[in-house]
Amino acid sequence: MAAETADTVPARRRLPSMSVLGPIVALVVLVLVGAFLNPNFVSAANITNVLARSAFIGIIAVGMTFVITAGGLDLSVGSMAAFIAGLMILVMNWALPTLGIGIPIILLGMAVALVAGLLAGLLNGFLITTLGIEAFIVTLGSMGIYRSLVTWLADGGTLSLDFGLRTFYRPVYFGGILGISWPIIVFALVVILGEILMSRSRFGRHCAATGSNEHVAHYSNVDVNRTRLLTYAMLGVLVGVATIMYVPRLGSASASTGVLWELEAIAAVIIGGTVLKGGFGRVWGTVIGVLILSLIDNLLNLTDLVSPYLNGAIQGIIIILAVILQREAKAKG
Amino acid sequence: MSYMRALLTGAAVAALGTAAAAQDTQVIGVSIPAATHGWAGGMNFHAQEAIERLEEVYPQLDFVLATASDPGQQVNDIEDMVATRGIDALVVLPFESEPLTAPVQAVKEGGAWVTVVDRGLSVEGIEDLYVAGDNPGFGRVSGEYMAEKMPDGGKIVVLRGIPTTIDNERVEGFESAIEGSGIEIIGMEHGNWNRDDSFNVMQDFLSKYPQIDAVWASDDDMAVGVLAAIDAAGRDDVQFVLGGAGMKEMVKRVMDGDTMIPADVTYPPSMIATAIELTAVGMTSTAPVSGTFTIGSVLITPDNAESFYFPDSPF
Amino acid sequence: MTDAAPVIALRDATKRFGPVEVLHDVDLEVRAGEVLALIGENGAGKSTAMKCLAGYQPLTSGRILLDGKEVTFGSLHAGEEAGIVLIHQEFNLAEQLTVEQNIFLGRELRKGLFLDKARMRQLSRDYLDRVKCEVDPDRVVSSLSNSEKQMVEIAKALGRDARVLVMDEPTAVLTNTESRILFDQVRALKAAGTAIIFTSHKLSEVSEIADRVTVMRDGAVVHDGPVADMTEDAMATAMVGRDVSDLYPPKGRRPDDAPVMLKVEGLSVPRFAEDVSFELRRGEILGIAGLVGSGRTEAMEGLCGLRPASAARIEIDGAPVAIRRPADALSHGLCYLTEDRKLKGLLLEKGMRVNLTLQSLEKFGGLMVDRQAEEKALDAAIREFDIRGGQRESRVSNLSGGNQQKLLLAKVMQSEPRILVVDEPTRGIDIGTKQQIYTFLRRLADEGRAIIVISSEMQEVIGLSDRVLVMRRGRVAGMLEGEAITEDAIVRHAMGVGADSQGRAA
């Protein structure tokens, strides 16, 4: 009781706290170090490269932010992306004789990706909410299923989009408007919508309430299962969106597509300050997390600072630091 | 990866169960890594194809195929084959040399014939037959081609595979072949035999170096990513990209006289078929097949490309 | 007794958290064989004083005297070593371990290299028997009810041979019968020379069991003396600093002619309640009494769509309604306020604004939430319900229990219910806030709503309700009205010896 009084010490007055500043500071430091070591690092071309290649994981990570905020987890997104990419390529190659090269076949491919993503997300969500199986187990299972399916679809090799079709579809990754490439535009749109949805909408509030304490949410007339189901469905659709951007880049999918994307996405979400056990999420933080992870890669390639073998170690250190910062913020708050 | 192990082991056990009764037939076990990248995918394809073909040719032979996604699982597969099928011969492409040496040695001591493919074991003399790829040779052939193609030297970048002995041997072979040729390696990074990774690495190389004369991608999957990155950057300083392994799309481009892909270097995944076939011959006839059978790396040029083009293979 | 030297004492104890001083020159002492009641409003510093005494938290300044000698406890382990055992308000049990494993946690008995399980089980059984708790020592703690957990905590303390037993609101989650058992144990321990300190909001308990009472207010001791010299009213006045003799607001006019707002026939909740029927009139407060476990909470949760239930007929304002999920209940103006504010009522790690509007977000904009409207609603709620303390954006876990309860009440009122079910509205709340909450509830009824109050506190049910429904084993055992609402009548109904003895005085 007296301790409670003590806790009313205005921890928030010290805003912005380390948990907010930490990721931003890390990002700024990375950029400064990069610019210092190699001026090309801040060139428009390099920035475009990094942003565009971050877009896949970034778009997925935005969806993952909602899933984790609502107290869930999805390990299947990397395999799901590979499977959707494979499916999309197969369908487009199959429809090529009928539709020919043109906008309709691209739209067909996109529709396949979005619908497949939605269904895959709904399936995960259904098993987790309605049947009440642990999210970790369900998505560990579906991760294996999608990975095997894509290997099977590709007969152990690589599924390649028809060359002519690929040339036509290519601008979706490499083209853009006003010098900004499409993946970056789509990524930015997803982030903006995601941020608004998370911080301003009823759905975002319900996600946070569900992840924070599902009993309280239930007693407060929040449909906990529906909220969770929606987060998985949304993540599935976003995996579809990411795949739409991914396929035109190399025009192929194989068993090695999207390996470990799920862990990168989860890592980005956590670095960004979203709480792994749910209850609090921020989309803009996730974006910073994604950028930090891809900048580390980029920086190590552009400079000869450390052995590339240590790349994983550096990312690991950053993830752990991010969680430590979160915990300190909690202890103070 | 354990989910995959569970599925595959389940399938393998089921397969073992149904065919266990046959007498007088000899059983050949084939243990290979799973199809996690293009080359391994091709190798899986050739293994399955060889087994199907040989089962028809030699009705007295039974084959057991197991694919593993890590060395530990491969050890389990081999132990299962010995325990439940009593295999008479083992054809193994070791995931890694060290962890597989002792288990394969145990199979040998149990009296079975052992054929090792591609990667040697760390103790010599275990295997009856060694069907070897030539990794230093792969690097050497690549290096020699580079040196010949760029007589005045030049600046190149190198993409390496997953950090392994194979990769090290190839790069050493390459480096010694270009020594004194005036070719300078200005950047070397791991692209992990993966298209996405090599795309990212190449993008960063292009940002870092304003002038790159050529790229040794060292693998055809990585060459795909490299080409996409060069294309996207719109750079025309890169004269050509040399991949490796003999992927059908790349062989096709060599055949068609594509100047960006003027040549390729073989490291045929079909060496597994050679190994299975030789083992089958050894089990069913008196023809001597023991010893070492090295499959050299050959340079594919537009002149000979047609004989390396297999449109049906997934690789 | 008073001549003996204190076993343990705090002298000039001051404790600060950052800039906030929560204990101010506190002197506290207890002697062997003495029961000390420490009372005060929420936030008065009782829990902190106890934690400092037991070595859970270090003092900022001042001294702890053990047998007259100054000691410093480096850790709670040091406190336990010295024979001081603290039983927390929030339980300190490992949920996934069994009762026996908890009782011997950290001091497992061994026979050679191995655990002496047989002996530990035997001793656990003995300790549990002493508190008349029939829980199987092999049960996992997470499967126990709150009162069972409390008894296990006490059994655990018995096993530690405490010289000083410190209990923070031990009876808050216990039924009256269980409280009796606890007091018997307290008397036994006292006779054996143990010094006991406890806190409670139930002043009748203090009068009954304590030898001495220390009253705290705002971090300082304001009164210390024998219980015998102090009436319960005097205690309450000392705690609050003002007169609180009119705890309950005057009851409403007899609502006989008022229209029936809610009519329930044959409500059943599987495993918990069967065939519950009653009527609720406008402007009325209906109390629901009964023992813990009599199905009161579950029946009302079932009514409000929070758990699977069936009913022959439910009418609201004369029209039949079907309620399958909480949203159905809310759309008919029926709302349930949970008894468990920490686990089911509030998002403890969120701020007041988010909590206030969670249940009625659709009121604050369409798809997007209108923060300004939320802030306004929060301003109004803070004013109307007198929610004090805490920054607006800091976590509600920082609020005292009473303010949490007021916030919870404000939260459900955001849904503008016309029929409100409140479950244990004053559990663990100080007397001043209780009075405020009673006033709110009566005002809500007077404004034309209908209120159901579930409570385990007999005085509360009697003081607040116009009518009282008593439940026993999931069924309605009786309905009392007006003068017939007496403690004796309620107990008789609740124990199942009711109907015919209604007229007799106890």
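Note that the chains are named A, B and C in the order they appear, and that numbering of residues resets to 1 at the start of each chain.
In this text, a contact is a pair of C-beta atoms (placed from the backbone, for glycine too) under 8 Å apart; a residue touches a chain by one contact, two chains touch by 3 or more.
Predicted model, so just to flag it, every value in this text is computed and none were measured.
Chemist: Between the chains shown, work out who touches whom and classify the graph as line, ring, star, complete or other.
Modeler: line
Chemist: Applying the document's contact definition, name the chain pair with more C-beta pairs in contact, A-B or A-C.
Modeler: Ranking A-B and A-C by C-beta contacts puts A-C first.
Chemist: Provide the C-alpha centroid distance between chain B and chain C, rounded to the nearest whole angstrom.
Modeler: Distance between chain centres: 70 Å.
Chemist: So, what's the distance in Å between the C-alpha centres of chain B and chain A?
Modeler: The mean C-alpha positions of chain A and chain B differ by 33 Å.
Chemist: What's the distance between the Cα centroids of chain A and chain C, rounded to whole Å?
Modeler: Between these chains, centre-to-centre, one finds 44 Å.
Chemist: Under the definition above, what is the set of chain C residues touching chain A in their complex?
Modeler: Of all residues in chain C, those touching chain A are 15-20, 22-23, 42-49, 51, 57, 219, 306, 325-327, 330, 336, 338, 343-350, 354, 358-359, 361-362, 365, 367-369, 371, 389-391, 393-395, 397-401, 411, 415.
Chemist: Which part of chain A faces chain C closely enough to touch in the complex?
Modeler: 1-13, 196, 200-203, 205-206, 208-209, 212-213, 215-223, 279-280, 333
Chemist: Help me check something: in the complex, which residues belonging to chain B touch chain A?
Modeler: 3-4, 6-7, 35-38, 40-42, 44-45, 163, 189-190, 194-196, 199-201, 203-208, 221, 224-225, 228, 231-233, 249, 313-315
Chemist: Considering the complex alone, what residue numbers of chain A touch chain B?
Modeler: 38, 40-41, 43, 45-46, 49, 53, 140-141, 143-144, 147-148, 151, 154-158, 160, 173-174, 249-250, 252, 254-257, 259, 297-298, 301-302, 308-309
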